[in-house]
Structures are given as C-alpha cells and as structure tokens.
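Two complexes, one shared chain (chain A), two partners (chain B, chain C).
Showing the complex of A and B:
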C-alpha cells in the first residue's frame, strides 16, 4: 500500500485564485516526484460568485481515483469552506486566514466550526501578501507557502512553477509572487515548527520526475495533434471548451486550422466534409451539443463517412448541470439518432487513455468509414494526473483508410457489398472513382435505392462492418480474475479507477472480487464479458447515471440480474462508496 | 431568558476540570473551552513516562475529545485568546472572532521559563511542557547518550528518573532559582542534590553557564565556569511563566500571574483564574501564593467553576475557598518516588 496518501483541498469564492492555486500545487507536487490526481469544481456562472474547490490527491504510487476524505483543507473563504468541513478526515489540517479585514462575530469564522482535534493552522494570508507584494491578491500563494512548510515540501518546486507562470508578466509581478510564497512558508515554518510533518519531504517522493502532469482535455488535444488532425470545428461548451482552446493554439503551429462554427450541427457537418475530402478532423462537445449532432452522425453512418466526436459528458438531461460530472450519454452515443445507425463508441477511463483513444478513434473511423465517438466526462476531462510520456508508432499515425484497387477504376462501386462490410473509399478527385455520397438509402454505386432487398442488404453490410471493428478495438481488461469469484465489478470510463481501488481494498480484506474494465462500449466484446461474468457469483456495475446505462447494454449477458450502483450527485464516485456496496452485497 | 455562556480559556488540568465541573452543576448553559493545544486534555505530569517509553500517547489522555461533545462542551482547539474586554464581557481570538460570555475562567497555564542569561542559547535547550515537547525528547534521545539538565524544577526531577530508566548519562546543574519565583531553601536544596547524587548523577551547584554551542556531530559543548561538558542534549527547567500576555491591556491585576482572591476571583464579577496562571491571595500570610502540580491545578479549576456557578446565587451557597478545601498543599509524590 501507499505510504503517502494525502488529499489537499483548496476552497474559495470565485476570484480568490482557488483554481490557480490548485494548478501550482499540482505542478509543484508532481515535480517533487509524487503521483497526483486533481480535480476542480467550480460554479457554472462565469465569475463573481459561487464556490470554487480544487482537490489534489497526492501519493507515492499511481493514483486511481480521488479520495472521499480530505486531509488538508486550505480555506481562502471561510463562509464557502464551512460546507467542506464535513469531508475532513480525522485529525485533518485546516489552514485559514487568521487575520480577516475586520472583527467577526462568534460563528462567522471557520475556526468556530472545526471539530476538536483538527490541526487548525492560522496564517495571515492577506497581511503577508500585502507586506510581500503590496496587495492582497497573492494570498493564495501565501497559503501555498504555509502548506509547503507544514508538510516539509522543498520550496524550490513551488518557486519553479510560480516562475514558469509569472515570468512573462515581468520581474515585479514574478518577484512579488515569489515573496508571497516565501512569506507564507517562513511564517508557517516558524510559528508551527512543532506541527511540521515530513509527508512531502524529498525522501518520500517516488523520484520519477520524468512523468508529466496532464489533464484529460489536453491529452485529447495532444492525441489529436499526434494523430495528424489539422482541422477542428467546434462550438464552445463546458466541459469540452479547453480542448478547443488548446487546439486553437496548437493547430496553427502545425499548419492546421480551427474554426469556431455557429453551432454543433455545422461543426459535425464540417468534420464530415473534411473527412470526405480526405483530411482528418474532429469536434468535441457535451450532451446538449451532441444531441444536435445526432442527425448528421447518422448521415455519416449512412454515407459511410468517417468522423471523430469527443463527447465530454456532463450532468443532464438538457442543459443540466454544466459543471458537474456524469456518465449519462452512453445510450445517446450508442443509439442516438434516426434509423439503425450503428457506430463505434469508445470510453476512456483515465488521462493516458484520453490520449491513446483519441488516436485510436481516427484509425477506426478511417478504416470502418463511420463516425467514432469517444466518451469522456467532466471529471476525466478536467482532472489532471501524473503519467508517463507516451510515444506512438508510425503505424498508429498512419492513414488507415482502405483505398480502392486499380481494377475498380472507371466502374467504381463505392458501397460494394463485401464480406467485411468495408467498401474501399477513394478521396475525391481520384480519377475514375467518382460516386454519389448521400444520406438516402443507396445502391452499391451510390444512387438512391429504396427497394426492400437493397435496404436489407445495406443495413446488414453497415452493421457487419461495425461488428468487424471489434477486432481493432480495445479488449476488456481483467483484474484479479480467478475461477469462482464471489463478485465481479464491471466498470467504464472515469468510474473505473474508483472501482479498481475499491476492489483492491476488498481483496485486501479477504473478499474474492475481480474487476473488468470496458473501453469498447459499442460494439462490445460480448464473449469476453460473458466469460468474466460466468466466473462471478454476482456482478456489480457502478455508474454515474440514474438508469444504469452500461448495465442496460450488457446486463443480458449474465444469467442473473446484475446489481447496479447508480449515482447522479454531480461529483465523481469515490472508492469507499463502491467498497461499501461490495461489503453490502457480500453480507447478503 | 437566553442561555448562559461560560468560557474557559485553557484545556490543561485546571481548564478541563473547570469545564466539566461547570457542566456538572449547570446542564443548561453553553460552555466553550478555548485551547491553544491541538489534543484533548492530557495529564502533563505523565510526560516523562512517555519519554521513558513506559506509557503510550493514548495513556496520557484523561478523557477523549468525544467526552467534550458528549457533555455538550464546545472545545475549540488550536485557538488563542488575544484580548479580554471587561466592559463588554468579550474575548477576542487571534483570528478576530469575538465571543461574549456570562462567566469566564482563565486557566491558561504557563510556558517554560528560560532565565535571561540563557536566552541566547534557547534554541539549543529543550523543555518539557507539552506533548510536542515530549515527542521531541523521544526523537532526540535516540541519538543522544548523555543529557545535561539545568535548573531543577519538579519536571526536571521526574524527567531525570526517565532518563536513568533509559540508561542515559545525566549531569545536573542544580540551580536554586529553579522554582522561580520561589527559591529552594537550603535544606531542600541539599536534599535534592543528595538524592540526585545517590542516583549516580553528577551534580554541579549553582554554576554559571558561559556558553553553549552545537558541534558538527550534533552534540553540545557547554562551558560551565572553568569546566567544559560535552553532552548530547541540554534541558532547561526553571519553572513556568504564566501565559497571560493577552491580558496586558485587560485591566486585570497582574503580577507574576493573575492576582486572585482566596475564592480565585480576579476582582471582577464572574471572572476567575485557576491553575499555573493564578497568583492566589493567602489570608494568613497576607501575600500571594502560587500553586504547583497537577492535582492542585485540577482542584483549583474545580474550585473556580464551583464559585463561578454558585457566585450567581451567592445568598444560597457559600463560595468555596481553596484553603478550606485542601489547604496549601504542594503535591510532592514526585519527591518521595524519586
């Protein structure tokens, strides 16, 4: 088990610099060689009010999920932080500003609400910031300095990340922020010398500074660039917008272009047009935007045009909970749209998979000539985690499109019915391969054809093609699988990390439980899933949706009812919640 | 009628006893204990046993944190009172929160005193007042085979027992100022020295420390008059200074500690002091007396609480006097055990 497992939470009001402080903390701790998983939570409104929370779990081993308990709460706003106290671990540390601008009545300070036994650490954030930099703006940096001293974290890592952030803003601003950090550090080190713990000392890091700190959003953006994407069409929407922001800078550097469209319909239309013309393109959206795209996605299915859509799920339905996480677009991704419009759906479970599956989906889209949807979610997109750099092979970057043979020239059947269902696809302008691409049902040559025989044959061909794609899709990953498991936990997307941690804990307590991660949502590896299920006395499927959408998709493979654990709280599921469910099942 | 709010400043033996006595006598009132410490109230006279490894940390706690909640006593840990406003009956906490009270017991204890001539070396000397101090002793003793004790108060003598138990080599500079502001009388001083010598401890009498310096190997070179001692650790034990700086502008009468009458009242209605911070008027000697020791502190805390509670109905209940309860009694079990 991990020796270091520290969850730090920073809470403040919009405008307090909460999220910025979290960014510094994550980067500095990662540079110190620790594993990090961090996630921000902020209001849907743009700015000015509402609680902002950033949580960072720090360990010396790979972090699979966030922890339900907070070991250190840094309060930048006492009123906002009060509601966070219930999530504190026993003997937690609370760091707060003990010199507010004016006297406060009994009960108005955070100190009035902390449990006895809490390590309450008062640091005059505002006063120290004002002394160090002439304004109270750097109080969040002062707080970080105080935190670093309390946990014996070498200050140079923070100095490095603060310098990186502020050096372009001039010496005065940079030095002011560095002084703010040092002021908090020195104050804490002197005043709380008897409370310093060596949790984050140099000796406790895992000494792997080569790892990078990456968010799901940026990993998707980098995956797109490395996959050779040179065109992005999109319309801003939380939580997908950071992908667009990243590519707005990255694409021009690669000779590519990003175009903000008037809506999501035109975005998917442009992506289809780009692929039709032979250029890799993508779009990213969330539930409401995805709903708008569905008709044209089915157009891609019918006309057999590749497309890549990242669906960053958030709380729904409709506008829903824009800044909260959920896994409730699975059914929409698999089934959404008119007709029998089978398409490929993948789900990433962690940040490295955000990168690799983004690349993977271009291969699948091109080879199988169909829209491919990658499901992520608010938690996964916005969280950052440490990961080893990934290098991809030339084959993975290669054009996977299957081009027509020479003998097809001048008698080209674009939608030729083949055993695999894949019909070779030329780029427009290739001489002798002209065809009609249409959303109408069509013959092998592309002309409209509504005859019963043709529609049956074409539906069959299109579905055969998608089923065949399974050969190139990620197989389910088994963990701790053995015969006669008492319980199997099947999970997908960002919930999987929590599920695996819960399974590890249950096994350490003697429960025979295994886990299965499903990344290929549609089509899915029914035989492999069934094989896993057959080894398990019960099957538990935890999901961040109300209906149990994966359970609905694969539950029929099991000869009993699968047990569902559904949560729509807007926050990620914690390992302890799945662990408790495992215990409940085992005690039945 | 609004519930009464009693505040107890300090959660040592006196403060804890005061709070639980208040609750015992008044189930309805609101009681808040404000403590600079992080932990539940513990028995400080057992800290040397913790250093000796004879007990574990959990053995120190007389009651759990839960017991405060169970008795509806709000315990505010890691919080410090910085001002007392007698006109408004308010205390101000370091973080600028203002608490009103109907009754107040000040039981803040003290901090180890370092004589002025040794202040320059305070970073090289260790004291033993808190649990944190004890943990530092435990850690440092792992690398130290010898200890020099300077002073000679109660704590130092009990700690010496612990050090002997740990087979450490102990030297002692016995200083008659150790019980400041009281002084050893000659007989007691000689007896203390003899008992220490009998334990195989090298005792030096009233020597002047000229210099303490830390060597590269972590040991300390101590220049004592014309003699040089090299020891692993240096402990300083010169009694306690009441921790009452926050009362400087309160208007309360302060000498070494808070001056209180024989009922522990500070001269202001519903405000009492107890424990190490109280300087108690003795009607017989017509002077102020200072309590020492764990049991005495508890007794004072209880007395203050009883008087604060019954002070509200003075016509029915006679206030308790510590002299009537126990007389002047320094608990000296340390001495006989040593």
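Showing the complex of A and C:
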C-alpha cells in the first residue's frame, strides 16, 4: 500500500472557519502533488450553532475512500473536538489552541482529555492571529501554518491558495492572512523542531500537479456543459443545489438558460418538453424531488421522450436526513412510478464518473428515447478528490438522435414496431412527420389504442429497446478475479471505493477475494454478473441502505443467498467496516 | 343525451367542410356531439390557417381530460402529457425552440386543480406560450364531478347535496398573476376565439385564453348552452384593455364579458 496515508481532521464551531481551512488544506496538498479525498460535515441549519468537521485523507496513491482513523486533529474548538478524540489513530497528533480565550470553561482544553502517547501540539492560534493581522479571525490560517511546519509541507503551496482566495479582497486582507499562516508556521517550526516529520515533504509528493481537485457536483455541472446542455430546469434541494449554482453561472456564458422552476414536477416536465423539441436539457434533484418526478418519468418512458435526471441521494424516507448520505433510492430510480416503466439507470462511483456518466447519459437518452437517471449521493457530490483532467472527444458528445428517413414522410409511424424497439423520432419543425407523443398506450401512428395485442406488442417494443441499451452501457468492472474465489464483493456508487480498499487489504492478508463494480443499474449485465458470482464461494453486497436494494435487484442471479452489509448511519462507509465483514464471513 | 346518427353525421360533415379540415388529423374528435370543444377546435384551427403558420411548426401540448385529447385531433406536432403539467412542459418546448408556435391546452380540472400551481409561474416568467383553458366547470372524462370552477350547490354523484366550495375565476387569477395577455372567450363563438388567438399568438409573451364552454353530457345545471348564450356578452364599448387595474376591477364585477381583457402595451 501507499507510503503516505495521512488523515487530517479539522473540527470547530460554525464561524471558526473550519470548512474554509479544509478547503485551503485540500487545495494546497493537491498542488504539492498528493492525492486527496476530503469531505465536510456541517449542520443543516445555516446559522445554526453546530459542529463543523472536515476530513482530508492525503496519500501518494489514488485515494479510494475516507479512512476511519484520524492521524492529525486540528481543533478550532476544544469542546467540540472532544467528541472526535475517539477516532484518533495511535500516537496521533492533536494541534490545539494552548492559549484559549478566557470564556472557555476550565477543563475544556483538549489537553486534559487526550490519551497518553498523543503528540500534543499547542499553538496560541488566537494570539498569533491577533498579532499578525489585528484580529483573531485568522486563527484557522495560523493552525494550518502550524500543521504545515510539523509535516514539512513547503509553505509556498499554502501561500498560493491563500493568495488565490484573498487577492480580490485587497492587499491588507491578503497580507494579513499570509502573515497568519507564517506566524503559525514559524511558531511550530521553532517550538516543535524535534517533532517534525517529513510526511508531506517535496520528495514525498508524487509531483503530479496536473491533477485537479474536483467535487462530484462540479464534475456533473461541467459534464452537462461539455455535453452541450443549454437548458437546465431545477428546484433547490439539498444536496443537488450546488449543481444548479454552478450551471447558473456557466450556462449563460454558453448562451444557455437556467430556470428555477416552481417544483420538481415542473422541472422534469420542462426537461421532457425540451427533449421533445430536440434540445438537450437536464435536471438534478434528491429523493423527495425525485419522488415527485416519477409520474412524468414514466410519461417519458411511454411517450418515448428522452430526459436526463441526476438523483443525488440523501437519507430517507420522506424529508429524511437532508445533509446525510445514503444509497436508498436505487429501487425508486429503477421501478418508481406507474406501470411497467423500464428506463435507464446508471450509478457513478467516483468524481471522474460523475463527469463521464453525465455526458454519456445524453447519448443514451437520445438513442433509446427514454429518461436516464444517474444516481449519485451526498458523499460523492460533496467530497473533493484529485483526478486527472478528462478530455472528451467529439464522438462522445455527438447527437445520438435517430431522425426519420425521407420515405417515411407524410405517412409517418412514430412508434413503428422494430426489432430493436427503436423507432425514429423527428423534431417539431420537420415537415411531414407530425405526430402526437402521448402517455396513453398508442398505435404505431401514435393514436390511443388499448387493444390487447397492441398493448402487448408496445410493452415488448419498449422493453426490447431498454434491454438493447446494455450494448452502449458500462460493463461491470472486475477486480482480482480468478477461479474459485472464496468471496466476491459486489458494490455500486460511492460505496465501491471503500469496498475495493477493503478487498485489497484482505488480499494482502491472503484472503481470496475479488470485487465487482456495477455502474449499469438498469438494465444490468445479468450474464456478466452471474459469471462473476459463479466464481465466488460467497457474495457480499455492502450498501448504504437498510433493505439491500442492489441485492434485491441482482441477488436472484446467485444460486444461494447473497450476504448483505447494510448501513444507514448517514455517513460514508469506511473500508475497515467492509474489511471486518469480509473477515467475519471467512471465519464462518 | 341521445344523439341520432344523422346529427352525428352532420357534425362531422360540418368539420370536414370547414377550412378546419386541412389541419384536422386523421383522428376524428371523440368528444360528445354538441360539445363546446368543437367550437374551440374550429377557432384554434382557423387562427393557424389565417396566420399561415406551417402546421409542422406548431406544437400543441395538452393535459388530461376531454380537452387534453385535443392534441390528437390537430395535424400539428402534439405532446399529450400527464394530468396538469401542460404549462411546464410547454415552457420546455418553447425555450428549446423559440421558432415554434406553442399552444398549451387543457380543461378546468387540469389547469385549476391538479395543475393550479403552474399558471402563476408561467405568467411571471412571461414565456411565449398560448394557453387555452377549456372551462366547462366539470370533470367530463371521469363522468361528472365538480371542478374548481363549479358553483356552490352544483350537484353531481360525488356532491349529492350540492358542492359547498367557492369557484375559482381563472381570468381573475391570470390577471392577478401578471399574465401580459388575457382574453375571455365563448366556445359558441369560434370567430371570436380566432380573432383573440390571432392577437394572442402575435403577443410576444404569455397569452391566456379562458374559454367558457358547455359539457352537454354531464352538466344540466350550470354552463348549459342555454345559460351561456343568455349570460355572455361583449366587453363594454369604451373598454380599455391596456389598463391592468381596470381589467381586474371589471372582471370582479362581470363574469361573462367576452373579449381581450388585458394586453400589456410595452411587451
């Protein structure tokens, strides 16, 4: 495994600049050439008085998941940070303000609570900030300076990101913040010279500064722009709103338009209207909004109109846990709504896939004339990770609409029954192909038709079409597959990274275990999944939902019961939790 | 209501003989003989014909209910969507291709009950869609229940003692929501519908057409032909359709004046 694997956690109260400090840390270590995966957790109430925590895992190899253990805790509020001590690794470093303001209750200092053996690093954050910039506001920057010196992180990377953030705010604010950083840096370097480790030195960074630091949200937004989307219709909902915020700026620059609609029903309605008229459009939502969309999604299925919907899953049911992560909308995405309404569902497992699948789904929607749902989740959308920039070819963005031929003109059968189930679809404005797209069962020409043989034939056409889409969809990815595996771990979405890391660790301990990542949720590659399962003595499916929703969908492909690991804690699953389950299964 | 084959044949012949024929699709209207929707159909089609709008550049977005079936009967591009959602769907169509002439068509249940949340928003966005609300104050396709525009005392199978709720006035709502073009029309006057539509289609923003019509099969009490013919009348001669406040005041006083009630001048 990697040589550098350092998890840094910053904890404070709202107003301490915790999340901002995390942003600087992520950007600086990424610039230094390290891999990063970082995730914030904060209260749902904007002005609520609550704990803010940001976790950043730093490594010299690709980071697959967050780690359960914290190696460095930077405390901006000792009372809040006490609850984080249980997550500390052995001989962890705790950086705290050793000269807190007088209002802090006695005994609240972290120093009184840490275990013996903890590397306790006291830095007077507030005093140094006040000296450097005339106010204690920059205490979070002081803390970062102290951290950088302790791990031999070259200060210029922090200088760069601080400059980028503050240069628009004027020289005095910028210089004040730079002085705060240097004050913390110099204090640590002098006072703790004997404790300095070279973990984040220039030699350890892998020197790959071309990589970008990207969140799932922005990756989806950029994917939409690069796919040529010029219309976005949405309704604010946590955690999908950042996609809308990104596109509100990006779309007008491309001559596009974003409408904040009156609800999610209108959002999907307008997306369907746009695709009907021949223009790529998109909406993004989360569970409650998705539930409202389901009737119109099935209209897209029945009337064969493309649509693209991003469902950023959060904790449910109902309003549920708006700021917590879960994978519990899989069955709703696949089956939600009236009737036999097969549609295409993809799941992104990491930030690069948020980008590539957003682009891919437009072509799938156009060719197969159906709504396409991309499942992501709170964790995936809001985490940041380092990734190599992806360049998309013209071919990957090309229009996949299939327009009717000249010979169909003036005797057009919009829903002609074909072997593939695909029938050409004109744009309004094309002469001689007028038709009515309808959510009623219809004849080949599009008029209402409820005869027994027609409904059978049309259902079959629509389902053939969706089955055929598999040819253009991502195949399951196999990891460490060989004959006679003792165990196979099948995973989807943001849980996959943790599953793969757990499998790697189990293999390094001699366990014969493989992994399978499923991105095509519906339709799915039953043959390929079955052939993986057949090589495995047991199948484990870890998911962040209570019922085992992927297991429910594909479990029947295995000749005995699949083993489920279901967690609904609202937080991402850690590799160690899957690793422990693997060990438990192997010791049965 | 019983209809003889002769009456039905005469109805169909009338449509075939009119200039409606070239835009009528091969699907014959399924509305009951005597339904007011035939008159609205004729009014819309005449407007398209007289403005020489190519049929393939027209999209008719319709909802669910008897009025929703309209998109099957016109030889334009049609989008027969789900119940209540014509306005957001037509917003998408129009923004996707502004060259299209877009009609949104639906009944009083579709537009004032299940879809009632959309009228304010398309009005305040002033999307260039022509929305024709077929208002017969009853749910016809589900065989006669009160609608949001039915009057108190309206008896049906689900309101055997008479409806107790106050009716919504769609014209007043549209004016209040800031619609920039509002007309109130009568299905018994297809020429009046055509004239208002021609103005509304030319109007660069959202245009709302509230059409009073009759359900001959399920309504023997309220919007019957006899009643409507007695009640409707033209706008006063000196009526100023450019004055928003006066339009609202007029509509509060008079439920049955027909014509273009309001047209925002600078839009």
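By our rule, the second predicted complex is superposed on the first by the 583 of 588 C-alpha atoms of A that agree within 3 Å, B and C clash if a C-alpha of one lies under 4 Å from a C-alpha of the other, contacts with A are read in each partner's own complex, and residues count from 1 in each chain.
Methods note: a residue touches a chain if its C-beta (ideal position, glycine included) is under 8 Å from a C-beta of that chain, and two chains touch if they have at least 3 such contacts.
Predicted model, so just to flag it, every value in this text is computed and none were measured.
**Q** Do chain B and chain C fit side by side on chain A after the overlay, or clash?
**A** fit
**Q** Who wins on chain A residues touched, chain B or chain C?
**A** C
**Q** Name the contact category of A:4: first (chain B only), second (chain C only), both, or neither.
**A** Touch partners of A:4: none, neither chain B nor chain C.
**Q** Pick one for A:248: touches chain B only (first), chain C only (second), both, or neither.
**A** A:248: touches no partner chain.
**Q** For A:321, select first, second, both or neither according to whether it touches chain B, chain C, the two together, or no partner.
**A** After superposition on chain A, A:321 lies in contact with neither partner.
**Q** Where does A:119 make contact in the superposed view: on chain B (first), on chain C (second), on both, or on neither?
**A** first
**Q** Touching A:586 in the superposition: chain B (first), chain C (second), both, neither?
**A** Once the two structures are laid over each other on A, A:586 reaches no partner at all.
**Q** Roughly how many degrees, to the nearest 10, is the angle at chain A when you join its Cα centre to the Cα centres of chain B and chain C?
**A** 150
**Q** Once you lay one complex on the other using chain A, what is the shortest C-alpha distance from chain B to chain C, in Å?
**A** Closest C-alpha pair between chain B and chain C: 58 Å.
**Q** Which part of chain C faces chain A closely enough to touch in the complex?
**A** Against chain A, chain C makes touches at 25, 27, 54-61, 71-72, 75-82, 85, 87-97, 99-100, 117-118, 120-121, 125.
**Q** Which of the residues in chain B come into contact with chain A in the complex?
**A** Touch list, chain B to chain A: 38-40, 65, 68-69, 75-79, 92-100, 130, 132-133, 136.
**Q** Would you pull the chain A residues touching chain B in the complex into a rising list?
**A** Per the stated touch rule, the residues are 96-100, 102-106, 108-109, 111-112, 114-122, 194-195.
**Q** So in the complex, which bits of chain A are touching chain C?
**A** 231, 233, 257, 259, 261-263, 265-267, 269-279, 281, 295-296, 299, 303, 427-440, 447-448
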